[in-house]
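Next up is a structure, given as structure tokens.
Note that the chains take the letters A, B, C and D in the order they are written out, and that residue 1 is the start of every chain.
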């Protein structure tokens, strides 16, 4: 077992590497800035060169220049060597039309059914903290299969989110489809401790793999609800030297991977 | 404050458009005159998105004119949202995401103003913002969508949307109310004296904004001849007859970016985040004084941003065309 | 009274000139090819330089080059010196949004309420003649004020059109508004004999002016239904030399004005 | 024959898209191979409008391949409509206007084929065609409109539209069913091997067609590098992942026009009108034989149009860029 103290990467780097591995070649991926963009770009430069990136700002199929990460998905850096630029509403409508394989999100809070909160901490009517809100998150989570990358902390993995900004499986079972969302839904949650998936029947999150050196109890202790393990749960492979090298070329200033 | 503006009856929408002078005439005004066309209490849609093609100079002029009780709407707001709250010109911002930018974390100003109830951030999904403008642009009272259902984002807006069962397929849909702003303010790279706007790079929601709004006020990096526009009519972003006035304002999106010309003034964005970090009320007051009220002109404002930042932003902006 | 034999212009030229006079400076005019385009361009070059033309093919504010009339409103000649080119659906939506003052149409048949037929002669289920159909005509007539230019013949001015392609005032009174069309409607019909308008209450067509040398009975004889004259009906002014000169420059091959 | 294709359930729409290879891969095929991708009985949407950017070469190849029982839809058809009727490849054309062009009068072929009941011309208003494709492109089952009510055009289509009262305003509206063709065939000025299309001049309804269709087959005047596309991403007309195949066919719209390259071959259009004027059945049979079946290749077809007509059309086409 590798001690966390010995590892040669940060938690954010681990997140980015593990998240990149969830993507397959040829997929169309809707990504936000930060870890999602880093992970998708990393996948594109390693095992999945044929990934097509979509940015909310209106960009289809760009190649991000190492060291010139965009500050959001709405500025000109996002358009670097893009195949197409189009209006925001039209790029978001590609989700509704069914052209997006994976939506890649972050989140402040997530619950046992994969619902995400990026809007309010506390009571929405009198919030403790007003967060930035949905952006395209609600649309992406409503209409596509979702991969989430976030830190594994008890205050983030909660029994019930204070506010459902981006719908996961709502209250489980077929509640998502009954609400008018017959497609998409939570696919994988990548944390710095584990990879979570979704139980096909109950739609509850479950652990599908632990990262090297992470104990099952460590995941339980950092999850704010009781969580099951998939019958065939495995252990992920360590980030490779090549993965870390490329990742560090992409974000040399460690804007998102410190 | 009431929820989102109610859907305009078609008779009103048509009468408002019919009542405007839509002929090809000279519309060039000064920045101050452009700001004076916006009246207290109006719903102002902001063009561009986040840190891109923000009509910063026009918002700057509105703050200096101490406009009151405005509602702003925009696809995503960055520090422009903070400014309209902190300056007191806006009671409400209708948008999908409200933060200076992900690298600077959660907006202190937005938190301070919304959590104290001084102002309201009315949240819609990003596509819903777009579809609401699009319905308004198309002269329709609503647009159906397959998004925003099941979530609390949808629940909070349930008073202004309609649940719907499709009469063709039996599927659940949500009907989003059209958004027809009183005025859209949009910054473009170039435009002629008649208001024919041409945009390079990302178009965002600006075509729909212009058609949805009762009228449009443009700022432009430069005013070019009508001949130049007519040589590339496929580059014109929206019809000139939507436009009421045009002001030429070089670097009119600073400290945000204008595609192909300048990137955001990142050091200044850092400064803004820093000044509002500790004591947000005091910080933003100092910021407004120093950058909004003390400069005598937009050029003086740019001078306070600093020539070095301007050159760095310009160098980066132009580089998008480099191989 | 000028004899028709003496006049120095064709019926089509008379139509184009009289139609051009119905347009005012500063108006936005949706025009088809043929007489409508000639009339709008003539107005633009004489009394109404600030007219903005819209073409169904997706063109806003072009200037047509004399002698290079487009074969339809969907080819590149329509875009000559345009202010903007846009998708067809978006240019048509300007009608629905309320940005068009006048829609300028032709027609095969028109009835007493200004309904136009360009689809079927005879029973639509088993037509004597299948005509080319609506194109944008139905949309223009549904959403804007309409000016029509057509030859004044009994077989064209009928009691009831065989098929309502482009709605006028339907069955009169408020029937148009009740059908879901609260705006627009027939404004003027320019023929080679007269200018017709619409009675404000009944919405029946009525004669508002006769062209020089045309007798009232001549209009009645060439109209397939009983038609009233407006109380203040007048006589139009002869086409001027200047109007005919410019018109002939626009269509030197007499494609539309023979 | 049934009225317009029924609205696709969302599950089917999603499954069809999900089942396609949407990666950036080489899609270059020959003209014949492109035509072979279209199967008997399919609903084929034709890009361009009237005499502009008609995918004439691909239609020519479909006629030669003796495809059967196709339904075509297009905003406006010109002689392409006559050809698909007279050749027997289509039973139905869904469009708003059907004639070679106003200067040639009413189409003799359309009259002969529809009046004898051999084929059907299903008529919708022009904007309705656009809104039906747009609904399909947006992944919606319908689009509301304020047009096509009260008229017989609307009455004939009442079995496939829905009368509707707006729940926001109480206004009467008409709901138009989405149109999602099996395949859209579109001709463009240039395109890369991956199917990134760039269009000069009039865009017509092609963006909506491409997004509405299950798949897209392109013909292009020339195939350029992906690098060239990526230098002007704002000129790309619709996403490459809608595209299944691309064939390079210079003068692929002849005898119609391709913006900036060639105008319609007017003398040939006169010839077509003349050949179908007296005895339409015999005339169109002779025409098809001479121009569709006898030439061994598209180049031979162009040769039969004649080099002089080609040069005249080219000279006129290029002149759009002259001052």
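To be clear about the criterion, contacts are C-beta pairs under 8 Å (C-beta built on N, C-alpha and C of every residue); 3 or more make two chains touch, one makes a residue touch a chain.
Here the structure is a predicted model, which is why all the values come from computation and not from measurement.
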Any chain in contact with subunit B as well as subunit C: D
Pair joined by the larger number of C-beta contacts - A-B, A-D: A-B
CA centroid of subunit A to CA centroid of subunit B, Å: 29
Chain centre separation in whole Å, for subunit D relative to subunit A (CA means): 41
Mean-CA-position distance for subunit C and subunit A (Å): 59
Averaged-CA centre spacing for the pair subunit D and subunit B, given as whole angstrom: 38
Junction residues of subunit A, two or more chains touched: 59, 79, 85-86, 93, 96, 182
For subunit B, residues that touch 2 or more chains besides their own: 10, 139-140, 145-146, 171, 173, 201, 203, 207, 234
Of subunit A, residues touching subunit B in the complex: 32-34, 56-59, 71-72, 74-80, 85-89, 92-93, 95-96, 115, 119, 124, 127, 129-139, 141-143, 163-167, 170, 175-176, 179-182, 255
Subunit C-facing residues of subunit D, complex: 49-52, 75-76, 78, 95-99, 101-103, 106-107, 110-111, 114-115, 121, 123-128, 130-131, 133-134, 145-154, 156, 171-174, 201-205, 207-208, 257, 259-260, 263-264, 266, 317, 320
Residue ranges of subunit B in contact with subunit D within the complex: 6-7, 9-10, 139-142, 144-146, 162, 164, 166-169, 171, 173, 175, 177-178, 200-201, 203, 231, 234, 323
Contact footprint of subunit D on subunit A as seen in their complex: 25-28, 50, 52, 59-61, 79, 81-86, 90, 93-94, 96-99, 101, 182-183
List of subunit B residues in touch with subunit C within their complex: 10-11, 13-14, 17-18, 21-25, 137-140, 194, 196, 207, 211, 226, 229-230, 233-234, 236, 238-242
